[in-house]
């Protein structure tokens, strides 16, 4: 017979669950409200979502305080792991979500925002991501990941046009394959170590000196493949441009930030101990991944004719750039990852929001896709403010100082330099130059070409047709964050470094 | 001996069933083979002493999943022969074979590390289901609950996607059209 | 106010630029000119307040920016940067004043004001990253100026300009990060402050690599052969004002950076690479001069001549002695004034005829005598006529380099021959002979607005040619300290030998003075 | 005395700037007059300085202000009036005063009248800097300054293509030489630490010969350009496209002698390196003969005189190279007088003949242009070295010097050249002023020049006649710094034989010229056998040197330039674009990877995984069999 | 002949490879989803086997969650297919190529 199980509530550290549960509660509340009274305006759901996310943020602050005071917190049978990475990632996730949600308040009406399920699923997704980053148990990671992913597929599809279904199905199918990879990889590691907790796996592998290196590699191959899919590493990236193109611009911007930071955190947990144990194979593979992903994505971005698709490739390239942190594996590199991603989230969300506010329902003849380059011709003459804002986002993405991403870039390259990866540092730097071309291409269209006649007639209304105060506010936040990033970098850096360092990365 | 015979028998059967599933041009054959394969897999679970898992496998897969697939097949009208344009089979086969051969080659080797300790050991004399219950509701309580949320998400998603809500696309409609529809709705309601 | 004059100099134009959005289109030019005048007056005040006898940095400002990563907002000027700053504000002022009617004049002036911010920033920054920030940022307004107001191939030219320099400076950035890392290794703290870096003595092998990294960035900016091909396009396509500022100020960033970074940070590497760099400089001088000779477009002639003259500047810089470096700094100013004026002059005729092909002209001296005179003066200055500004710099640069190599200086000296060839021939084609084209017969001579821009440049050209002391003396003092620093930091025998010990020389100099 | 120095120096500058004010305006007579007066002021000041020096006064040395001062280098604007410079100042100011006055008449009808005086005075100023500077840098300022003014004046009639071409040629050729000069200056600086004459020259004594030789050669290269020595001589003849007063002032009397001045100024250097001196002398002698030979057949009046100038410069260099610096300087002075006179006379003729330059188209002009005829004849006599005119004293001393130094080849060449000089000079005089009035064929009505022009020329006439008497005082003056080298040939008989012999030889040459050309009646049309002879063609085409320059320097330069531009576009630039294109095309080519088909995407994913697996297998095997692999590799000798 | 863990792992691998074939080969999305089920089931065998041989329940837990995930994926996947089918009347993935390049 089993002995009765006695567990004290205190030992469970249930407070670790608070940040994740808040969005779940919010989601359920939205569902319940909808159940009680339908046809409520989307603004209500937007505000409710924001409120819960703010609560979530507050809870995170609390966790952060606990972490600073006591170090890493384990909770609920050691399934939950609240360390610096988890907290930082959740900060990014929640903050970006707060910035994203008001983008629903568009001037024109789009399908997904008219349904409360969207907001419920959105909050579920956030909770899923939060679980994913706040655990080192492969099972919980998997479940969190799938919760978030399934919600995300639906969110994409809810944009409700052919392209978005196509995007969702592609994403879903490839996601299913990636899930298979993930489970297979976990199985192999489990077979080796008898555990599904990353730190135990790491300890056991280290203790027996990687005796079964073949098994380890097979396991890592499959896990790597599944995260390469999530992080859109070439050649696992093929879903990215299509999905970005298919979903709404706001969603695409969101997707370029949140799922990736979650995946990055798990990848850091999973792979860095191998890097630190000098698994040469992984070093080589990651090196190749970083270089190929950056370069190839940049080259494809060069030839795009649609801005959103170009930005999709650019975000692949950025992800490749940031993946260098996992390869380098030093505290500086890991801090650089978070710093970069925080700055990137501002800029990229801003850039996609700019596309979002110019979204048309009917495409004129010269425009094949939603945001083809031609659309932005001569924007400076018809709506100069919008053009300048867009240009600043582009410059920031290109890494032109003093805009936000530049600081992330130099810190990351510096990490490469410090970690002894000189060639990598050069490749990373030079890739910015290649990337410069396509960002500049948009600036060229906006500033140096003459506007298309119809846009002159309505004096550039096109570019802000979808804008409301809420959207403008978000863009305002983004642009201020992008321009004045240099003021925030120092505190951010100290914060991030402390958290990363104290988590043992 | 019995174990070996059972293993090889069921291994052959599952492989054969799944092979049929991925190769047959008859959608119905594929469905049936898949269902059979899943049942055979549950046999492995029973052999391995994972009784509860075996039961869940049968209930969930054959009971729920297969029913859903069958429903889907009927809905999509894929009961007839499925016509698929198949490009280069060579790539498909060679990639899969290569993967299998390489992994198998590695898996042939025995696992050297022997200092394996069971973190959640199965205790003699206690039923599998009971053990599973204990572990599931202590250690894996949180994943379990999250899985519940996941199922809720799947449910909501399924309802949203397959339900009527997606029939009209606000995304593609102009402001005027949307207004028209809303007015109609109001009339219906009032 | 004097404590923060550099910040004011940097951010006043930017602020004015932002405010400029509110100005009515019609009044924009007046606004631009007044901002330019204020800025120029401020920079003159800077000169006035500058203590020529101090060789180090003055008007230092220090503000933590990202202290945990060693990035601080540090500004300061010494004799080397002071005059380039003044020149930057001079040219912005003159440029705006002489701006012809173009579309979107408002945008142009705002862009120019932002450009001015970046230019002043580059030359006053004493922190590697702050320097880099302005260095990169300066590309953006220039990109816009070339791309929006340029000729038919403007987009190609501007994008090429942008990407080429961008790519180069990224390599430089990696070098800077390395430099900071070495500083971190040596001291345990991060720092990008140039003055901190000066204290760092690196082993030669590191120096070589870092020198190469910085070199790529600087060489493209200068532009040095074979990285120069963006320049003719940029100049050829840019509007007049763009060319003027590009030639007068932006190109100087590269040569200035050599003196600010490469030489004092890597003295051994500088000696090691002296000959290769000198050979490149000589190729620049002769090769581009010959290419300039083959041009049909007068603006291209001036553009290639810029490259050629930059070669002399580089050569002077790598003389690694006080004479050469002072000469090269002076030549930066000289070349800035002269090539700026030449581009303005080309702009004058372009405004009238909308062509820059020399075959379209001929005999202009008959119809536009004043124009011909000013052009002639500037041409002679460009050719290196003594008592004009360029001569001082060229003479000192070559003189300086002579102590390093006899043969190479002889080759480099060919500059004065080939330079004369393309310039005189171009002048002859444009101004001499009979007026052959009917359109040219009634061209108006330079008007008042153009004279406002040109006459000060003529005056400066001759004034500094005759009496360079007010400029040369501060330069000399600062250069002496740089050379002394290099001498002290040099680790190899060769470098110690080739970089003179200035402090030993000071005595003999005073004695030389007494002899007079 | 400093006051006079500054006046002498800056009066021309004031003149130039004053005239420049009116450059774009219509012709103003007073501009010429004021300019002339100002130059005359400079002349007066120079004369005062001369008397001061002649009177044994101290050398006037001033330092006006700093020019360049950096590092070790200290260059002031310093000026010195010593025996050498005062001589040059006298020559420059005197001739330029006369030329200024003359030009008032000569340029009377030119619309560039004001501009002309601006340039001309600027030239005088540059020349004054050149001769008065107390350091090499100042010398270089003047050196380039006269080059600039020469460019402006040769190309004065800028509507004439050939004039501007000649101007550019002159400038560029001079630049080639200036490079040598510049290098020489650098050498001086780095070896002596200063560019001041009074510091550098004493320091030369401590330097080794090879360095000194280098310095000497490079400085002399500079001199070669300015003084149009072979092979940089072609510009001088072409420079005759400029207005004739310019030719008189710049290309006869002053600027071209700057090279000689440089060698004389650096006598302390050249006396240390006699082998370089000998080279200079030999080159001088060669040029004397070479130029004279070209003058024999040329059909351009001004070019003949130009070649004669070249030839006389050769004499000067011969003297200077042999160490007879004072003789060279003296010949420089005398030559300035009679050559300027000759040119101005030629200017009169040109004016009369409406810019016709071919003497074969003139003839019999002595009837209408008596004054000019007399002047040119006397100038030619002086040039030929007939006693008692100026040329006799100066030239004969050169011959004596060559003889006394036992350089018989040089002596022989110089004597022979003297005969040639006499011949071509009088060929010209005979063709222009004697014989039939061939100009009538061309319907020209010649007239004598303005009176005041002739009066202005008269000081030159007088000096050309009597300059010889200054030889003794001149020698006394300059011996202090140029060395007291009197050339005494031991036997008086030898001296007399030489003197008389030379005179007779020269006289015969004159007679021959008169005989051959004074009764010339036709205009040669290139059909006579002489004109078709090889020698004639060779000489007439200036030994084909300009042709060779055109063919083997200018054209290749053009072609190489054009080629380099192509290289620049198609190699250098194309490779940059190529690199960019590599990325773009790779992107374009591989974008099909993104076919949009889900099945392909899935295949890519699986392929990626299989790729990773294979890498893992390779690594796994490598790790497992690392010992064996190492063994095999070492067996292969890796 | 003893059946060891390796046997099960190899079986799992083979089934996984069959699943991969299906994934790559199937153009009909419904049948493609079958293949994903095969993948997950293959893994489940492995988990159960490891669990058995190590006497550790974690493997069964993992398999349990994998089943749950498979079920929910199916729900969402079918939902997406239904939407697509309603619009296009086909679930062949070759028809989904509106975005490319």
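As written, the chains take the letters A, B, C, D and E, and residue 1 is the first residue of each chain.
FYI, a contact is a pair of C-beta atoms (placed from the backbone, for glycine too) under 8 Å apart; a residue touches a chain by one contact, two chains touch by 3 or more.
For clarity, every value in this text was computed on a predicted model and none was experimentally measured.
J.: In this assembly, which chains make contact with subunit D and also with subunit E?
T.: A, B
J.: Could you find the chain whose CA centre sits the greatest distance from that of subunit D?
T.: B
J.: Please find which chain has its CA centre nearest to the centre of all protein CA atoms in view.
T.: Most central by this criterion: C.
J.: Between what two chains do the most C-beta pairs come into contact?
T.: B-E
J.: Per the centroid of Cα atoms for each chain, what is the distance between subunit C and subunit E, given in Å?
T.: The computed centroid separation for subunit C versus subunit E comes out at 66 Å.
J.: What is the distance, in whole Å, between the centres of subunit B and subunit C, each centre taken as the mean of its C-alpha atoms?
T.: Chain centroid spacing, subunit B to subunit C, equals 69 Å.
J.: Distance-wise, how many Å sit between the C-alpha centres of subunit C and subunit D, to the nearest whole number?
T.: 35
J.: Determine the centre-to-centre distance between subunit A and subunit B, using the mean Cα coordinates as centres, and give it in whole Å.
T.: That pair's centroid distance is 28 Å.
J.: Could you list the positions in subunit B whose residues touch two or more of the other chains?
T.: 91-92, 95-96, 99, 103, 106-107, 109, 111, 116, 118-119, 131, 139-140, 143, 147, 150, 153-154, 157, 159-161, 166
J.: Which residues does subunit A have that touch at least 2 chains other than itself?
T.: Counting only residues that touch two or more other chains, subunit A contributes 139, 143, 146, 150, 153-154, 157, 169-170, 173, 177, 191, 194-195, 214, 217-218, 241-242, 303, 437.
J.: Among all residues of subunit E, which ones touch two or more of the remaining chains?
T.: 5, 9, 16, 19-20, 23-24, 26-27, 33, 54, 56, 58, 61, 65, 68-69, 72-73, 76, 79-81, 83, 93-94, 96, 98-101
J.: With touch defined as at the top, which chains are paired up in contact here?
T.: Between chains, contact exists in these pairs: A-B, A-C, A-D, A-E, B-D, B-E, C-D, D-E.
J.: Subunit D touches which residues of subunit E in the complex?
T.: Interface residues on subunit E, with respect to subunit D: 20, 23-24, 26-27, 93-94, 96-101.
J.: Note which residues of subunit D are touching subunit A in the complex, please.
T.: For subunit D paired with subunit A, touching residues are 580, 583-584, 586-588, 590-591, 593-594, 596, 598, 600-602, 604-609, 612-613, 615-617, 619-620, 623-624.
J.: Of all residues in subunit A, which touch subunit D in the complex?
T.: On the subunit A side, the touching residues are 169-170, 173-174, 177-178, 181, 213-214, 217-218, 220-222, 224-225, 228-229, 235-236, 238-239, 241-242, 280-281, 284-285, 296, 298-303, 434, 437.
J.: In the complex formed with subunit B, which residues of subunit A make contact?
T.: Result: residues 1-2, 5, 7, 17, 24, 31, 76-77, 79-80, 108-112, 114-115, 117, 120-121, 124-125, 127-128, 131, 137, 139-140, 143-144, 146-147, 150-151, 153-154, 157-161, 164, 191-195, 200, 204, 207-208, 211-212, 214-215, 217-218, 248, 361-362 of subunit A touch subunit B.
J.: Considering only the defined contacts, which subunit D positions touch subunit B in the complex?
T.: 599, 603, 606-607, 609-610, 613-614, 616-617, 620
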